[in-house]
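So, here come the structures, one by one.
Here chain A shows up in two complexes: once beside chain B, once beside chain C.
Showing the complex of A and B:
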């Protein structure tokens, strides 16, 4: 574990801030247990809970908060200067930060999705959802990390992506699905555990290739951006 | 022996003009907050997001007005229009609320504010009033566009215009409920952190995570649970109140006989959020 990773992890978890990550996963598991205990047909509650809450809200929102937080908050505070002036390759800085972001968001999203999936159908569906969530966490984290280097308002831009691009356009305009991480996640989970709950709308090849492109492309772009990063003062 | 000391007059002057009281401070914070919400007096970058949202909502209203002018029927009525824009309202709240309160927390200017004849209630009141106005304008302005479209193309003269006004005024009241509830929740979350990024993320997370709760409750095998499901989410809560108060709202909400429950929850929720905000600013030193 490099020191940069250690500092990043402490910035995320320190002073009980880790508790803020708990409500969303707990809500996901709680709803699944509630539906299970009332014997509601999983075909009815699977889609709103697993897709509507799990894959459309919990995974992207947690990845957004964590992914923009690892680097964006240091840019905001100006403490990134201390890291940049150390004799470390910029690549190592990005990789350490990205590793922490992926690890935290993957665990926070995959564990409750596994439990909810197992309650809905079978452990196989839970496993499929968990694997897909890990892939999604990698792609989302890399993307949002890059955003936090490109703009001063990364969270708002990330919200536009989640709410407008994936939420509104992804549902009505079929062409945008090829560039929607949420659709890759749904497809991968559906291919691992075929059920009636999930409905894949893009092919498996497209989702795997595009997810890899997202991760590698965004990471490389972020490293490149950090190489020539200039500190700007507080903008309005 | 030192010489006897002398006090030199170095020209400090006393202020002898009029001193404005709490009311003026309140008004100044209100006007400043309302301008900041739409990015006036800020750089062009600060105007992008609020005007993007306002532009989309206005565009939808223009399209609706144009469709009615051509076909004679309105695809969405005023109430349904506000409901259909709910995601954009959430996004707008996530932009504006951190702008209004998180910046002050982060830059540590609150002790300066409260060194004036200003109470915590004035500060909160002005911020809440500014944001309610901003959110209300976001909905009421486009609703007025739809109204103008209807009023100018009406076939029945003044009585047609009067019918439109009778539809518009309750809708403006309905938009005010939206604005009050979303302002209360949004400002409360934003006041917890000085980081605008975390505040925006937190607001969206809180609003979005309630929608699936409503989705699950509304498929539970119990008629009462289905009627009360709307209480779980702010968006459906407001729709339920509109359904109960305004005849012909057609929000599609199932509220059964529980209309008053919805109204009570809206009032309680708004009051609770405002009281918690006041409690948050009770001790400025700890901010």
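Showing the complex of A and C:
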């Protein structure tokens, strides 16, 4: 593990913010266990719990907390200067931070989605959701990491993307789905484990290509942005 | 020998000009960057450290531009003014992380050497969040020094340090300067700079107002008396006693107390307590009322 990744991981798990990662996965698994134990028909609870909560809320919100936490909090408190005053290629810094963000988001979202999917239908659905969640974690993390370099309010803008773009516009304006990571995740999970619970609205090709574009585009933009990182003087 | 060079550098934010056409060369040794708050010192330091692009002109370290050039950090260390330490790490971990990111061959040895330099060895295994401001500051200096950089830039390095730590930091900067390092530190406290550095770069309102040996600039101001506000248990009797003192060039008395003009700062401040004790007068307030850099600069600019 690189020193940057080590500091990032220590920073992430050393802050209280990490506790925010626990409630949503627990809620997802808890609801799935509850429905299963009361023998509720999976056709009734599968879509609202797995898609409505799991893919529309748990995955993006966890990625948002982690993705903006790995760099945004260091930019906020000024500790980023400690890392930037080293002769490290900015690409290495971004990749180390992105790696931690993807790893933590993917594990935190994919495991409960696997469990909930397996309880709703089959281990295959669980696996499909978990794989799609990993892809989604990559795209979301790269996007939110870039946001934390573009704006001083990355969490707010991230929430606007999740709630307004994906949650509201994605439901009513079909054209916005091409730029919706949630739709790529649903499509990928649906292709791995076709069930009535998931309803793909974009093609697999669009999903894969756009997910790659999100990851590469946002990563390259973040590297370039970090190269030009400016520090405003408080007394200037 | 490493030099930092600013050539016709300006920096503006929208319509506000923060730094206006500054040219300076920093040679090995300790240089103080002086100026009142808001003069543009931090902007200049950040441009030198590669954290701001100049709107016009060039900033280079040994000919290499500092902007978008991480390689300069092999030769340059920065201690920024803002608190910037990972509180969840210990000082040893923090400094060693710096050594590793610098890819030093023996990171542990370099860490111990840097911690010793700033006298932080004893507390090095405590988390930084438990430190006082002065200890944090020394930890940051250790991290900036771990790779023994040729150039060290420090923004208000004495903030939060107690007098003993301040003295130690001053002698550390002296030593580094004597060993051929190029050290630049910013401060708005004139006496602080006087003790550390002979050479100063003075910035007022974004412009380079004076440059060179501090003592020479200081000498230019000896025709200006130092003004003190004094309050005591018997202002009138104290005024009579003070006017007999050689270093005092004038005394005014009003309802707020005394306004004393002293031609020699050191002689007056030594004489005042002696006179007060001799007269049995209790001093309630002694405030240098024109010691701020702003006043000094207004003298300079008027001269």
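In this text, the second predicted complex is superposed on the first by the 226 of 236 C-alpha atoms of A that agree within 3 Å, B and C clash if a C-alpha of one lies under 4 Å from a C-alpha of the other, contacts with A are read in each partner's own complex, and residues count from 1 in each chain.
In the analysis below, contacts are C-beta pairs under 8 Å (C-beta built on N, C-alpha and C of every residue); 3 or more make two chains touch, one makes a residue touch a chain.
Treat the numbers as computed from the prediction; the structure is a model and nothing was measured.
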Quick check on the superposition: with chain A as the shared anchor, is it clash or fit for chain B versus chain C? clash
First, second, both or neither for A:6, with chain B first and chain C second: second
In the superposed arrangement, which partner chain does A:73 touch: chain B (first), chain C (second), both, or neither? first
Contacts of A:197 with chain B and chain C, given as first, second, both or neither: neither
Looking at the overlay, what does A:52 touch: chain B (first), chain C (second), both, or neither? first
Scan A:35 for contacts with chain B and chain C and give back first, second, both or neither. first
So, does A:89 touch the first partner chain B, the second partner chain C, both, or neither? second
Scan A:215 for contacts with chain B and chain C and give back first, second, both or neither. neither
Is A:228 contacted by the first partner chain B, the second partner chain C, both or neither? second
Stretch of chain C penetrating chain B in the combined three-chain arrangement, among 20-28, 272-280 or 290-298: 272-280
Common interface positions of chain A, toward chain B and toward chain C: 235-236
Could you list, by residue number, the parts of chain C that touch chain A in their complex? 13, 18, 37-38, 40-43, 45-46, 49, 51-53, 68, 70-74, 76-78, 80-86, 88-89, 94, 97-98, 100-103, 143-144
Counting only contacts in the complex, chain A reaches chain C at residues 3-4, 6-7, 10-11, 14-15, 77-90, 227-231, 233-236
Parts of chain B lying in touch with chain A, wherever the complex brings them together: 42-43, 45-46, 49, 87, 90-91, 94-95, 195-198, 200-202, 204-205, 208-209, 211-213, 215-216, 219-221
Given the complex, residues on chain A that touch chain B span 20, 23-24, 27, 31, 34-35, 38-40, 44-45, 48-49, 52-53, 57-58, 61, 64-65, 68-69, 72-73, 76, 152-156, 159-160, 163, 167-168, 235-236
